[in-house]
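Across the two complexes that follow, chain A remains constant while its partner is chain B and subsequently chain C.
Let's turn to the complex of A and B:
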């Protein structure tokens, strides 16, 4: 990157370190921090959507819809999230390829599940075998987003469900006494007040979400855990920058990075709480 | 091969007993249930041992945070901050790398009546290394719950104890500690469930499965990869985890009954898997 870094083997001390930390591979690691932050931002809308859908389903007057809501929230939360992180990517991948196989290769008669193999025709592969590396990574990332959304949507559904129940009944009765319709009551009185009760739960979920992002590594995305393992491992003299096993330092840095992320979030939430609970008598 | 034969062969496979080779071809449903169940013993082991020791350490931490001077309070606060603020996933990786760096050596601890020998290389094995991480992690989360409960112990109760002339130790044993537990119990049961779920992370982080002796999820993942069919093994382990969570709720409900014996209208520990939001 810099001119002095042309001959790394002759460098020493801080110069060596500064050159070492600016190699293209390290740049890729710094870039993967953006992957983590990007994931955090990308998953919030689908999580909130699924959370709302789940919470409303649980309050539905139609029994099967209610069962669906209760089933979704309790199953996802009763099982460790890591099971879902292993299950959903491969299940979704197979589901998509299976459907594409049925549509694109309708003439292939052999079954898709052959003993211990899952065989679809070339045209049904997702993404296509010839596709650019970028598409493979984008597909992996999308699967990760969907998985996070499904798992955390269930948690959110529960929080929102509780918050909707926590709004004082008197508020809703007053709204009805004013002659508001069901819909108006919900959108003008119930929803705006619900947020205050949901905030503590949602902030907690945000923290859990942050701490779940290293699971991206399990989904095959080249995230910071991947790079920490890759770059930290011992490098022999064959490499331009030789060093012993430094993984402990890399993981230590990750630890600090996450501590910083949760600390900043906590401070931001403290402010939001103070703001949101103005004028409302909410305990703590 | 009959299912009872499979149980005999693979029932304790996760601990290195029975058949050495894992099933490769023609994997039956029975084999999946037995092997994943065998691995689940590891999950139960990690959860039970970490919770028992974590409970004790968390109590000490909570008291250090509330009652002790700055010399104990600041380290306790820092400990809780670090372990609650960072992902368990990274903690496992970090701890493993740390334990690998520790020089290999053996210790002999003379207890007078017997000699215990320990070896630092055990730390790199999951049964000890991962257990230590889980123990520290659950201690931090439980300490946070206990701290809140400790601050919520009614002042009147403590003053009444003082008025009765109880000394510090009696006051702690009879008034402060039981009340703290009672207030913390429902949140603490969630922490226990969450910890049980966290045990599934172990063999997917730094700690390698030695001779394919892994936990339930390790085998579930093995089957999913070998059969290319995730729709059998993962639901099996999901059922195991739900059953385990139900057992935990049942046990904590019993303790809750005992803790709230004197309370007129005790809070019910409902089975709401949803309230696992404590973390």
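Let's turn to the complex of A and C:
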């Protein structure tokens, strides 16, 4: 990066760091911060979608829909997250490839499951073997988003379900008594009043979500924890540069990074909460 | 006492005026007509065949001890509760039911909404929407349900808040108001619908004696304006002052009814006598 770095022997003291921290491998670590932030932003809409779908399903008057909502939230909440993170991406990946195999390679007679191997034809690979590296990473990232959304959607559904129930019945009855339809009652009164009960739970979930992002490595996405371990270590797969064990510094930086992220989040949530509780006596 | 007399006189002349100007055509259609209303929760029958007719300008007070079914009857009128039996006719139009059995429900959602906008309700616990300012509470239903223009609704809303004496509270939240102010805001909200009748469900029961007086004053003014009202109350003084017809409900049936004088001074039934002596 810098010209002086071309000759390592000429480096002294902290100048050495200026060369070390700007290597392409470190650029990959900085880039992985964007991966984490990108994942956090990308999962929020599907989490909220699944959360609302689950919460409303549990309130449905149609029994099978209600069972679906209860089943979803209970199963996901009852199974260890890490099991889901191991199970879902593989299951999803294989399911997609299996379906593509059945459609695109109907002429292949060999079974897909051959002993311990899962074999699909080349055309069914997801993404295709010849595809750009970018698509491979994007596919892995998408699987991560879907898995996070399913797991956290269930917890969100539970939080929203509780919040919807916490709105005083008199508030909703009054809306109906003034001629509002069920839809208007929901959007004009129920939803605006629900947030104040949902936000403490949602802010908890958001914090847990931030802290769960290192689980990305289970899904094969290289996140900052992966890079901190690799670059801080003395000798690893990616780096054989001779330096002492610096993991404590790298993990220290991670600590600061995650603390900063959660601190900013908490401040944002405090503001949202103040906005949502305007006029509600719970705030005073 | 003199004031009460004056008000009685005032109303009587108002009714007389109405009678004099309204001599053409057949008798006026009642605003609210209930025929043989029955309502039960499971095996517990709380209303056992009640008839009630409210013409335009009538102020009907429903009195009775707790559990006599008076609040339930009121809630049956605007269909917050479903009466299992009997007819409910609003301005000549009967409620259409899904079927005529015990688990019937109103058939026509549009009709239910139309009736409810026409019979606005004031609740014991005020039930102002807590996330909206006082003015927004008053304009919410006129804008979203009746489709009024927001600016018009706000101007009308401010005028109504002025009328009930809390114009300066328009931009505050309900939780910042006293109970009496909240109930007056709730009355303004009900008036904003320009209903053909108002339903009051124990409007003063949740208030302390001082703020109660503010609300009673407003209700008395509304009665004097000739508004049609059904008033469920524990406040015998208010019933006597405001109503032109008093109904005493006991265990789901009308035990006695008549003018305030008939009911309160020439009481016939022993149950009503007991009830009145216990409330004094």
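As a working rule, the second predicted complex is superposed on the first by the 274 of 284 C-alpha atoms of A that agree within 3 Å, B and C clash if a C-alpha of one lies under 4 Å from a C-alpha of the other, contacts with A are read in each partner's own complex, and residues count from 1 in each chain.
Please note the rule applied: contacts are C-beta pairs under 8 Å (C-beta built on N, C-alpha and C of every residue); 3 or more make two chains touch, one makes a residue touch a chain.
Note that the structure is a prediction, hence the values are computed from the model and not measured.
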item	value
Simultaneous placement of chain C and chain B on chain A, clash or fit	fit
Contacts of A:156 with chain B and chain C, given as first, second, both or neither	neither
Which superposed partner A:147 touches (first chain B, second chain C, both, neither)	neither
First, second, both or neither for A:208, with chain B first and chain C second	first
First, second, both or neither for A:193, with chain B first and chain C second	second
Which of chain B and chain C A:35 touches, first, second, both or neither	neither
Which superposed partner A:173 touches (first chain B, second chain C, both, neither)	second
Between chain B and chain C, more extensive residue contact with chain A	B
Centroid geometry (CA): angle chain B/chain A/chain C, rounded to a multiple of 10 degrees	90
Touching partner for A:185 - first (chain B), second (chain C), both, neither	neither
Touched partner set for A:248, first chain B, second chain C, both or neither	first
Lowest C-alpha to C-alpha distance for chain C against chain B (Å)	25
Touching both chain C and chain B, counted on chain A across the two superposed complexes	none
Residues of chain A that touch chain C when the two form their complex	170-171, 173-181, 184, 188-189, 192-193, 278-281, 284
Footprint of chain A on chain C - complex, ascending	78, 80, 109, 113-114, 116-117, 120-121, 123, 125, 127, 129-133, 140-141, 144-146, 173-176, 189, 193
Contact set on chain A toward chain B in their complex	73-75, 77-83, 86-87, 90-91, 94, 113, 115-118, 155, 158-159, 201, 204-205, 207-208, 210-215, 217-218, 225, 228-229, 232, 245, 247-248, 251-252, 254-255, 258-259, 262-263
Chain B residues touching chain A - in the complex, by the definition given at the top	25, 27, 81-82, 84-91, 93-94, 97-98, 100-101, 197-198, 200-201, 204, 217, 220-221, 224, 226-231, 234, 237-238, 241-242, 245, 273-277, 279
